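Letters A, B, C and D mark the chains as written, and numbering starts fresh at 1 in each.
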Amino acid sequence: MNGILLQLFQDTLVVLIAPLLLGWVNQCRAWLQNRSGPGVLRPYLNMVKLFHKDAVLAHNASPMFRFHPYILFACMWLAASLVPVIATDLPLSPAVDVIALVGIFALARVFVSLAAMDIGTSFGTLGARREMLVGFLAEPALLMVFFTAAAISHSTSLTTIVETLAHKQFIIHPSLAFAAVAFIMVLLAENARIPVDNPSTHLELTMIHEAMILEYSARHLALIEWASALKLLAFTTIGFALFMPWGIAEAGNWGALPLALAALFIKLTVAGAGLALLETISAKMRIFRVPEFMGTAFLLAVLGLLVHFLHGN
Amino acid sequence: MENFSGQLINLFAALLLLISFGMLSQRRVLSLINLFALQGLMLTISTVIVAYSSHQHHLYYSAALTLVLKVIILPWILHRLMRKLNVKWDIETLFNIPTTMLVGIALVVFAFNLAAPISMMGGAITKSTLGIAMASVLLSFLMMITRSKAVPQVIGFLAMENGLFFAATSATYGMPMVVELGIALDVLVGMFILGIFFFQIRETFDSLDLKHMEKLKED
Amino acid sequence: MEILWILVIPLIGGLLLALFGGQRFAPELNSIMSFGTFVASAFLTVRVITDGPMTALNEQFFVDSFNVFLVALTAFVAFTTSLFSRPYMRIEQVHGKLTINMLRLYHSMYQLFTFTMLLALLTNNLGIMWVAMEAATLTTVLLVSLYRTPASLEAAWKYFILCGVGIAQALFGTILLYFAAEKVLGAGGTALLWTHLDAVKTQLEPTVLSLAFVFLLVGYGTKVGLAPLHNWLPDAHAEGPTPVSAVLSGLLLNVALYAVVRSKVLVDGALGSHLAGNLMMGFGLLSVVMAAFFLSRQKDVKRMFAYSSIEHMGLMTFAFGMGGPVATFAGMLHMTVHSLTKSAIFFAVGHATQKSGTQLMENIRGLITTNPTIGWGLAIGSLAILGMPPFGVFASEFLIITTAMHAYPWTTPFLLAALGVAFAAIFSRVQSMVFGETTDERLPHPPALVPVFVHLGLVLLLGLYIPPYLADWYRQAAALIG
Amino acid sequence: MIFASTLLPIDVTFGVIVYWLLLGLAGLLLQNTRAITQYIFPAGALGALILAAAALGSLGGAVNVAVLPLGLPDLPFHLRLDALSAFFLLLLGAASIGISLYSAGYFRDMPGNTLGLLCFEYHVFLASMALVLMADDAYMFMVAWETMALSSYFLVTTDHKVPEIRQAGFIYLLVAHVGAIAILMCFGVMQGGHGDYTFATMRSAHLTEFWSSVTFLLALFGFGAKAGILPLHIWLPEAHPAAPSPVSALMSGIMLKTAIYGILRVSLDLLDAHIWWWGVLALTLGLITALFGVIFAAVQTDMKRLLAYSSIENIGIILVGIGLALTFHAFEKDALAALALTATLYHALNHAFMKGLLFIGTGSVLHATGERNLGKLGGLIHHMPKLALLMLVGALAIAGLPPLNGFVSEWLLLQAFLLSPGLPHSYLNMLIPVAAAALVLASALSGYVMVKFYGVIFLGQPREKTLHEAHDIGIFERLGLTWLALGCILLGVFPVFVILLIDPVTQMLLGQTLGSTAAQTGWLLLTPIQPERASYSPLILFLIIVVGVIFTIFLVKKFYHGRLRRGPAWDCGFPEQTARMQDTAEGFGQPIRQIFEPFLGVTRIVPSPFDKKPHYHGESRDRLWNLLYLPIARVTEKISVMVGKLQHGRIHVYLLYSFVTLLALLAFIR
C-alpha cells in the first residue's frame, strides 16, 4: 500500500520537476556564457504557450505521426518513474529491470525516428538517420554500464543495484569509474546535448533531435518537449542511482524520505550545473565524429565490465 | 627325353621372344606380317612338342588350330589387305629403336623376375616358359604403343594373342578346348572387323595413319 | 531350361534380324525378342528364388543370387532400351543419318550384344566368360561405329584397341588362374569352372593368384572404365547411337564389374588378405575423383553422362573393395539403380539431342517449356543420379559413405570433394538445359518416354522400399562375395 | 504401422504429414487456381493447426515412437516424437498456419498449371520438414532432409526464366548438398556399424573425444550450411529473395530452424561427450554471423534481401545461445545451460513468427506495387493501412523492443551472459562480456535496420507515382498476417507460459528446467533465477504504457481546445518538397556503410560536379564471395584443366597409361 502511494508520489514528482531541471541546466548555461538567461521556469511557460496554440498537421501525416507524442511521453514517464529517485521500494520496479529500461528507451527512439520519417521531408529522414546512428551505439554502451553495476550487485533489478551500492559496506569499484565516464558520454548523446547535438540551433549540419520534430506543433510539440525533459531527468537520476546512490531511502524507511528528497534536489542542482559546464567547455563535433565518440563510450563500458571480472576472479 | 623336349621348348620359347624383339624393331609392314607368321609357326611347333612330351592329345588340336589360324589365315588376310589398301611397301618411322630395345630388355628382366617364383612350382617343361610368355606379351604391348599406323598396331595386338597362347600351352598344357575355340573365333571375327575398319578408316581419312584419329579429347 | 531360352532367344533374334533387320517391322521384332528374353529371365529368377542356386548343362552354366539379379536387370534394361530405340532409330533414319543396312546391322548386333552379356553372366566357365566379354566388345565396336562418321570411327577404333588389349590382359590372368587351379583340380575342363574354383579357393597358390588378379583387374577394369584405363569410355558413349550408350553405360560396365568381383572372391579366398580389396578401393577412389574433375569441363551432354558413369562405376568398385555385408549390399544396390537411372537419362538425353539437333549443351535450353516430359525426365533423372533422395542412388550412396566413414575415414574427404564437384558440374549444366527461355519449337512427334518414367519409378521405389526378396538376393550375394 | 490401439500424438502428426502429401498431389492433379487457393491452402493450414495442437499436447508427455515398413531392408523408417521434436513441430505448425492461410490469398492470380506444381512442392516441403523433425534414424533423416532441400529448390526456381533466380537456386542446392554429405559423414561416425543407423544406437555409442569432436564439427558444418552460418551463408541472401514470398517465409522462418534442431539433436542428444571448446566455437561463430548479418542488412536496398540478411543475424543469435548452453553444459552448470537453451529455443520460436510475418508482408507489398527495391517504395501506410499496422508489430518485434517477443528471448540470453562468471576458464570469463557486448550491438543495429525497413517502405511520401494504385490486402492475407502478428504479441506478453512449454525440452536435453524458477512468483513476473536478481513483466510494462498513453490523451483532451489544421509540410520553410528529397535506402544505410566500410566490399560510382545527369550508385558486396568461394571455384577449374590434359586424344598415350598401370601394379604386388 505504502509502496503504491510512494509510486504515485514519485510519478507526479518526476512529471512536475522534469522541466525544472531542463530550465535549470539552460539557465546555468546562459550564466556560464555571460547571458542573463531565460529563467528557470521558461520550459513551463513554453509548454503553457504551446498548449494554447492550434496544432498544424502536414497533409500527408499518418496516425503514426499523431500518436507518437503520446507514446513517447508515456515511455519517458514510465522510465523516469521506475528509477528509484528517493526510495527503493517501488512496486513497479520488479516489472522492469535495467535491460527492459534500455528497451523502453529504444522503443521511444524507434518511434521518434519513425514519426520523423512519416512526413517524408528531407530534414525528417536526415534526423531519423542520425538519431538511429547515435542510438545504435549509445544503447549498447548504456547496457554495458548497467551490466557493470549488475555484475557488482549480481542483479539487473535497479532497486537491488541501488541497495547493494548504497547500503552494503563501502567498497571502491574501479570498474564503476570507467562505467561513470561512459555513462556521462551516453547521457550527453541520448539527451541531444553538446558535443553530440545542439538543442538550441536549427542548423542543418548539426541538428539531430530538432530535425526530427520540425513538423510538430502545439500540443504535440509540448508533449515531446516534456518527454525529453523527462528523459533528461531519468538519465540524471539513473546516474545518481548508479554512481552516487547515497541518501536514497531504503524500503519501508519512511523517516528517511524527506532527507532523500533533499538529497535529490541537491544532487539535481549540482548535476545540472555540471552538465551545463560540460556543454559549455566542449565544442559541437562533426556528425561523423559522433560514431567515434560513442564508440569510445561503448569501449569504456566494456572495459569497465572486463575490469570488474578481472578483479572479481 | 623329358629334359630334351624341355630344352627344345625352351629353344622355341627363346625364338618366340627373339621374334617379338624383331617385330619391335621392324619398320616395314610386310616383313612385320611375315615375322608374325613365323611367330605363329614357332608357337605351333612348341605346342606340338608339349603335346608330344606331355601326351596331352587335345593339344594337337590346338596346335592345328594355331597353325591354320595364325600361320595361314591371318597372314593371308593381312597380305590381301596390304594389297587392297596398297600399303604393301609403306614404311613407318619409329621413334629411336635403341631406346625401345632397352625398354624391351628391361621388360624381359622384369617379366622373368615376376615369373620366377611361379616357375619354381611349375612342371618340368614350364621352367622359364611362363616368364618368356609374359615377356612377349609385354613386348607386344610396347610395340602397340610405339606404332603410329593402324596395321602394325593390329599386328602387335595379334602378336600379344600369340604370347598368350604360348603361355596357355606351355605353362598349363592348354586351356579347355571349348575355351580355345572360343578365343580363336573371337580373334578371327576381330580380324574381319578390323579388316572392315581399315577400309572405312582409309576412305574417311584417306590414310591409315593414326595421327588423324586424335580429335576426341578434352580441350 | 530357362537358361537355354535366355541364351537362345537373343541368338535367334540376332540371326533373324541379320536377315530382316532392314524391314519396317524390324524394330518391333527387336523389341519382341528382347521381351522374350526378359520373360525367360523372369522365369529363371522365380526359379532361383524358389530353388536357390543351380548349375545346368553339366555345370557349364551356373546361377546364384549374385548373377541372377544381374541377368534379370540386363534383360529388363535391354527390353526397355529396345522399346526406346524403336522410335528413336526411326527418327534417325528419317533424318537420313542411317541407311537400311546400317539399321540391319544395328538390330542384329543389338541382339547379339545382349546375348554375349547374358552369356558372360550365366556361364560357369571363366574362360567362356572371357570369350563372351571379348565378343561383347566386338559387337559393340560395330554399334559404336554405326554412323560411319570420322568421330564415330575414331571412337570405335580406340574402343577396340584399348578394350582388346585390356581384355588380352584378362586372358593372361585367366590362364594364370587356370595354371594355379589345375595344380589343385587337375587338368581338363573342370579347372576353370567357377563352382569348383570357389570350392577350393583356399588351396590355390597365393602368389599366382595375386599375379592373376592384377592382370584380371587391369583387363576387366579397362572395360569397367576405371581410371586411368577409362579413356575409351567417353568417346564410345558420345559417338555411338544413344540406345547403345544407354546399354553400354547401364549394362556392359556392370558385366565387366561382375567379372572383377568374381575374381576378387577367388583371390580373397586364396590370399586371405585384403589385397584385392585395397587395389579395388584405390582404383575406385581414383576413378571417382578423376571423373568428378573431368565432369566439370564438359560441353557434350552424352560425354558428360559417360563421365558420370565412370564416377559411379568407381563408387561401386570402391564399395566392393571395402567388402563386408553392408558395403557389398550397397555396391549391388548401386549397380541396379545406376543402370536404371543412367539408361533413363540417356533416353531423355537422346530425345533432347534429337530435338535440338545437337549434343552441345549450350545449344539445349528450356526443355521444360518446349517439352515438359523430356525436361522433367532429364531433371529428375539427373537429380536421381546425383544422389538426391528419395531415389535409390541415394540409398546406396548413403550406405557407402557412412560405411567408408566408419571403416576408412581417410577416404571420405576425397569422396566429399568429388561428389561436391560432380554435383556442381552436372547440375549446373542440366539446370540450364532444363530451365530457362528457349526459341526452338516443340517436338513434332511425341517422344517415347514410358521407359524413362518406368525406370525412374523403379529407382524411386528402391529408394523408399526395397522388396524383401530383392533384399534377400542382395544379402545372399553379399554373403557369397563377402 | 506398429501403432498402439489408442491414438497417440505421433499418429496425429504423421497423419498430418500424409494429409499434406495428399493435398499436394490433389493440387498437382487439379491444376485449377481457384480450387487450390480457395480450398487446398486453407486445408493445409488446418493440417498445420492439427499438427501444432498434437505437438503441444505431446510436449512433456511420454516419448512415443513408430516404425514404418519403408526404408532400407535392415533399416525401416523410425519415427520418434520426443520433447525436442515436439517443440520444433509446434514451431512448424504454428508458423505455417499463418503462412498457408496467407498463401491462399497470395497466389490467387497465378496460372493453374504453375500453381498446381507449386502447391505440390509447397506441401511436400512442409511434410519433409515435419519428417526431418520426427526422424529417428539416419536414413529417414537424410531422406527427409534432402527432400526438404529439393522441394525448396524447386520452389525457389518457380520463376526459372530469370537467370539470377536459376543461379540462386543452383548455389542453394549445391551448398545444401555439400552440407548434406557432411551430415551423412557425421552419422557415419556415430553409426554402430553393420548398418545399424538408428539414433538409439548412436546415443549408446560412446565415441572417443577425438571422434566426438569430429562428429560435432561435421554436424556444425553440415547443419551450418543449411542455417546460413558464416561462411556458409552465401546462398541465403540469394535464395530467399528469389522465392515467392510465402516460400521465403517458410524457408527463413522454419527451414533454418530445422538446421538448429539438427545441431541440438546431435550435440546435446546423440553425443554423450561434451568438450568446452565446442561451445566457444559455436559462440564465436554465432557472434560473427550475427554482426555480419545485421551490418549487411543495414546496407541492403532490396527489401527481401534485407530480411534475408536479418535472418542470418537471428540465426547467429540463436547459435550464440547454443554455444553458451554447450559451454555451461560442458562445465556441468546445467541450470545456466538450461537458461541459455531456453533463450535459444524461445528466440527460434519468435523468429519463426516475426520473420514469417515480415516476409509475407513484403509479399503483399510486392503484390500491390510490383516493387522489391526500397528506393521505389514509400508512403504505403496511406494505401495499405492494415498491412502497415501488422507489419509494424513485426518490425518492432524483430528490432527486439519490449513488450514484444523479440525482446524476451534477448533478455533471457543477456541474463544467461550476466550470470556466466564463475566458469573455471579465466579466458572464457574475459570472453563472455565481450561476447555480450557484441550481441547487444547486433540487437541495437537490428533496430536501425528495422526503422530503415519500415520507414522507407511505409512512411514518407510515395517515391513513385504508381504507388498510388496500391491496394490493401485481402481477407486470407489479412488472416495469415494477423495470426503471426498475434503470435508476436502473445509470445511477448506471456513469457512464463512459453518457458513452461520449453521446459520439457531442457529437461530432456539437460535434466534441468527453468519453468519452476521462472514461475516462482506467478505467471505475471518472469524471474529466471531469483526475484531480486532479475525480473521482467512485459504485461505490466505493456499495460503501463497503454495506461500512460490513454491518461495523457485524456488529460490533453481535457485541457486542450483541440483545434487542428492541415497544411503543407513546413520543413524549415523550404517551399517545394518532392519525394526525391527524402532518404533512399542507400541514404539511410550510408552511415553504417561509412562506419563498417572495411567489412563490406563497397563499390561507388560518384558523379563528377559537371555531370549533366548526375547519378550516384553505391553497392556493398560480400567480401567472402571473393575471398573464399571464387578461389575454390578457380582451384577446381585449374585442377580440372590439368586432369583434362590426361584425356589427350592419342591412343598411344592411352595404351601407355594401361601399360604403366599394369607394370606398376605388378611391381606393387611383387
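Heads up, the rule we're going with is that contacts are C-beta pairs under 8 Å (C-beta built on N, C-alpha and C of every residue); 3 or more make two chains touch, one makes a residue touch a chain.
Since the model is a prediction, treat every value here as computed from it, not as a measurement.
Engineer: Could you see whether B-C or B-D has the larger number of C-beta contact pairs?
Structural biologist: Most contacts of the two pairs: B-C.
Engineer: Measuring centre to centre with CA averages, how many angstrom lie between chain B and chain C?
Structural biologist: Those two chain centres are 31 Å apart.
Engineer: Nearest whole angstrom, what separates the Cα centre of chain B from the Cα centre of chain D?
Structural biologist: Taking the mean C-alpha position of each chain, the two centres sit 70 Å apart.
Engineer: Chain C to chain D: how many Å between their CA centres?
Structural biologist: 44
Engineer: So the centre of each chain is just the mean of its C-alpha atoms; given that, what is the distance between chain A and chain C in Å?
Structural biologist: 79
Engineer: Can you list every residue of chain B that touches 2 or more other chains, as numbers and ranges?
Structural biologist: 114, 141, 144, 153, 213-216, 218
Engineer: At which residue positions does chain C touch at least two other chains?
Structural biologist: Counting only residues that touch two or more other chains, chain C contributes 157-158, 161, 165, 211, 234, 294, 297.
Engineer: For each chain, which other chains does it touch, given as pairs?
Structural biologist: A-D, B-C, B-D, C-D
Engineer: Quick one: in the complex, what on chain B touches chain D?
Structural biologist: Per the touch definition, chain B meets chain D at residues 110, 113-114, 138, 141-142, 144-148, 153, 210, 213-219.
Engineer: Name, in rising order, each residue of chain A that touches chain D in their complex.
Structural biologist: 51-52, 54-62, 64, 67, 70-71, 73-75, 77-78, 92, 94-97, 99-100, 103-104, 106-107, 109-110, 113-114, 117-126, 128-130, 132-133, 135-137, 139-140, 143-144, 147, 150-151, 154-157, 160, 202, 204, 214-215, 219, 223, 288, 291, 298, 301-302, 305-306, 309-310, 312-313
Engineer: Taking the complex as given, what residues does chain D use to touch chain C?
Structural biologist: 69-73, 138-139, 142-143, 146-147, 150, 157, 160-161, 163, 166, 169-170, 173-174, 177-178, 181-182, 184-185, 187-189, 191, 193-195, 197, 636-637, 639-641, 643-644, 646-647, 651, 654-655, 657-658, 661-662, 665-666, 669
Engineer: Hey, which residues of chain B end up touching chain C in the complex?
Structural biologist: Within the complex, chain B touches chain C at residues 56, 114, 117-118, 121-122, 130, 134, 137, 141, 144, 150, 153, 157, 160-161, 164, 167-168, 171-173, 175-176, 178-179, 182-183, 185-186, 189-190, 193-194, 197, 200-201, 204-205, 213-216, 218.
Engineer: Can you name the residues of chain D that touch chain B in the complex?
Structural biologist: 644-652, 655-656, 659, 662-663, 666-667, 670
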